[in-house]
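Next up, some structures in structure tokens.
Heads up, the next two complexes both have subunit A, just with different partners, subunit B and then subunit C.
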Partner chain A sequence: MLDFSKNYFDLFGLPVGYIVDASSLADRYRDLQRVVHPDRYANGTEQERRLSVQGASLINEAFETLKDPVARAAYLLSLHGVEMDAQNESTQDMAFLMQQMELREELESLREQAGPFETLLDLSGRINKQITDLVAQIAMQFETPNDEQLQEAREILRKMRFLQKLRSETERVEAELEDRLN
Partner chain B sequence: MAYSDKVLDHYENPRNVGAFDKEDTQVGTGMVGAPACGDVMRLQIKVNDDGVIEDARFKTYGCGSAIASSSLLTEWVKGKTLDQAQEIKNSEIAEELALPPVKVHCSVLAEDAIKAAIKDYSDKNEK
Partner chain C sequence: MALLQIAEPGQAQAPHQHRLSAGIDLGTTNSLVATVRSGKAETLPDPQGRHLLPSVVRYRQSGIEVGYEAKQSEVDDPLNTISSAKRLIGRGVDDIKTLGSQLPYDFVGQQSSVPRIKTEAGDISPVEVSAEVLRQLSERAEGTLGGPLEGVVITVPAYFDEAQRQATKDAAKLAGLHVLRLLNEPTAAAVAYGLDKGAEGVHAIYDLGGGTFDISILRLNKGVFEVLATGGDSALGGDDFDRCVAEWIMQQAGLDENVSPGMVKRLMQAACTAKEALTQTEQTDIEVSIEAGESWQGSLSREQFNSLVDPLVTKSMMACRRTLRDAGVSVDEVQEVVMVGGSTRVPRVREKVGELFNTKPLVDIDPDRVVAVGAAIQADILVGNKPGDEMLLLDVIPLSLGIETMGGLSEKLISRNTTIPVARAQEFTTFKDGQSAIAIHVVQGERELVADCRSLARFELRGIPPMVAGAARIRVTFAVDADGLLSVSAIEQSSGVQANIEVKPSYGLTDQEIETMLRDSIAHADQDKQARSQREQQVEAERVIEALQAALAEDGERLLDAKERQQVDAALETLRNVSKDGDQEQIKNQIAELEKSCGFYVERRMNQSIQQAMSGHSVDEFEQ
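Take a look at the complex of A and B:
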């Protein structure tokens, strides 16, 4: 049915690398879903049915990981033997942290503004731009990675996590403001 | 997750929120972040000529425990010398606030922030 020992890229028949073709990923996801679909094993043995459920969950996990630029970076680093200590390591880049603080202050002050949506749009545009820039930078580090480039990728990933958190905060504020309108 | 009364108290009535001018030579600024939760913490100290911290400010974007850890720390460092403030351990913060194990990293963040602030002040006043 499925080779459970394969890494996510091999499972999806995609080259191991940071750049992932979104439409191939989606196509392969649909193919694999069909392979493990429980309906196919309705009359199968108990083991087959169990494997089909486990396979479906593996495919979902792999798909979510490969689709998300931050999760994909962390996964790719771990394939290269670099395990992030997510709790205890942080960027020491002061300018970056200052900027993160300012962006959060901006988001906070936005709630009290008269026409917040325009500012919100502008803010999320800048956050997305920063994420896109980091995605481009990390893609470069992963092209033919040596130790130094993997460490650089790790630092970029640390920064991505701050921006990802900020983006979800921004979405939360947006939903809150929309609720207020209704 | 249930927060302790002390965490809730600091979260609802944070002490010393705000900012000093970071260019002021009397001021030391510590900026730290925790990528796992995306928290950002800024802790500032104002040091007098005798090397005593006369005032402190913080701003933290993060969970209740991160806010409480930094709020508590600004209270603790006031009136301390830089050497004394340097000695504060995250475990003391975690104990005072009764932080659960999964939130201990918030107190680590606060300890890192005060160390960074002291370092910033010392670097500024070396020359």
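Take a look at the complex of A and C:
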């Protein structure tokens, strides 16, 4: 059965690294699910079905992790022995934090605006741009990482988490505003 | 190859024998059954040539009527004639307070969390009603195909929660069916449509049935149907359109709310007829007889109708927008919108869907049959008739799963639109010295407060070894299988003690209740229970034997050495003998024995197929 001790990159036969080719990842994901998915064992024995559910769950989890730039960074850090405390650690970069506060205020004030969708689009554009920049930065740290670079990657990841949270809040506001239209 | 012929002489051993299977679309108003014959999937008619079976069951002292016959009595015998059971299945007594007022039944007794309807033939649960519909359809399929079904695929709304799925599976169990898979209705439609048209890329399936609404966004890629996101409303459908019209009639006719159950059904029928007429014409006349020989006459224009149902259509549009966002695709990326379900015949629905997706929705497939056809195609593959078929369905969980934390908040463990199967673990600890049990409450829904979510089950972890507060580390794993059904396991990490889990489904039947119903229905059918359960175990044994034989035929020689092969053959032989004349318990034990002794081979096979899947790629292609 699937070797559960394998890391996600090995599972997909990909080199361990931050840069992942999205279409190869998706191809391999489908190839793996084609042989492991419970539907392949609908007529199998109890044991086969159990193993296949476990295997398919692992493959799904691995795919979700490698697909998402934030989850992938955290996973890669943990492979390098750096475990983040997602709940309790946060960046101390004051300039970044100030900027986050401003973005957040902007988001809050949207609700009161007439015709908020344009501002919303602009705001999520800026958030996405920031995330893309951080992705490029963190990719550099992961090229041939020493301790210092891993710590730097960790700091970038803290910022990514901030922005990711803000992005999902932006989506929630968007949903709210749309619902209000109806 | 000689090694393969391990069946005893005279015993049928036909690896290419066509296995009988069917796809069942268990609908709110109508149900269908389809099957694949000579490579073609088609719905099956009854002896009168009718493909649809009204999902209506009438309970009389003299027996049970299902389908058209029962539907005829809807108006004259409303209390004993149950329709729309799908609206009630997997729902709790509390839900009935909101839904029940719309349904003219006599709800009774709350010894169980499952609501029951009082009829002439006793108190009936919605699960039993659905079981009757399923039984009728499987009998139709077996009659047409000339043999027992080895397995069925039953479709459910994508937006059905765990309790509703579990209840549907319970209904199948009650009907004596082997469920290969619960398949989401829009996914089934995508299979039928996609395979037929050779479609690729991102597609939306807008499925508005009699009582449920689903929207699914899928990516079709070389036989893989990957659901990106799904949304909907498990209590929105054509029935609600009818209700809007019926309420309008009541207003016009000056009827108050206290009308008789028979009157409600007459109003609903008149409303439904008007709705159907307005798909073709701009204006329709309505006539409803009101008690005491009086009748009300009036006319309804399409414009009026539109304004009556617009709030409902808008509700579905909101779900579409949210689902697009969840899927992370823009409207422009959606290549086509496929319309499924009888209610998509309403022109207003087509118009609004067209506006939202900025494309003309596809209406050229039969919206009633496409779901059953897709289910039949999937059943045919799952039952093993198409080895090597490349089709794969990757579905998602429609609603987030969470657990109750301090302050009545829900902590999301698995978020909605996560691809299934999925497993997530969470660690718990004790807060008192020597605490031996922990209670866990699992809920489903998007809201933050537990009170606003749907309660799925309460678990009690028992048998935690005595430790100081906070020392126990109990790892609880929540696993959702490909059917969208939840299972929970727990282990105390430091001692390795497996905590016992006592499951109390918040809604739905307990195992004992199902057992009792099964027993009752068997007694009713006057069959020998012992013989039946023995037969069931024999079928299971046959299935296991066949699966193993097929595996051996494929790669037994390659993957096993002579000694291992002997071991496997011996275990097979023992099971074959035991299953011939052993009792239920003996056969069951021997199946478990066989699975244990052949476990190494099963694992080896899976590894092998994974290696094969991966060997197509070389690491070089990424190292450029």
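Just so it is clear, the second predicted complex is superposed on the first by the 176 of 182 C-alpha atoms of A that agree within 3 Å, B and C clash if a C-alpha of one lies under 4 Å from a C-alpha of the other, contacts with A are read in each partner's own complex, and residues count from 1 in each chain.
The rule is short, and it goes like this: a residue touches a chain if its C-beta (ideal position, glycine included) is under 8 Å from a C-beta of that chain, and two chains touch if they have at least 3 such contacts.
Treat the numbers as computed from the prediction; the structure is a model and nothing was measured.
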Which superposed partner A:158 touches (first subunit B, second subunit C, both, neither): first
Partner chain in contact with A:90 - subunit B first, subunit C second, else both or neither: first
Contacts of A:100 with subunit B and subunit C, given as first, second, both or neither: first
Subunit B versus subunit C as contact partner of A:123, first or second or both or neither: neither
More subunit A residues in contact - subunit B or subunit C: C
Partner chain(s) touched by A:166 [first = subunit B, second = subunit C, both, neither]: first
First, second, both or neither for A:62, with subunit B first and subunit C second: neither
Subunit A contact footprint on subunit C (complex, rising order): 151, 180-181, 221-222, 224, 226, 314, 317-318, 321-322, 325, 378, 381-384, 390, 392-394, 418-423, 479, 481-482, 543-544, 546-548, 591, 594-595, 598-599, 602-603, 606-607, 609-610, 612-614, 616-617, 619, 621-623
Subunit B partner contacts - residues on subunit A that touch it in the complex: 86-91, 94, 97-98, 100-101, 104-105, 158-159, 161-162, 164-166
Subunit B residues touching subunit A - in the complex, by the definition given at the top: 31-40, 42, 59, 61, 105, 108
Contact footprint of subunit C on subunit A as seen in their complex: 1-3, 13-15, 21, 24, 27-28, 30-39, 42-48, 51-58, 60-61, 63-64, 171, 174-175, 178-179, 182
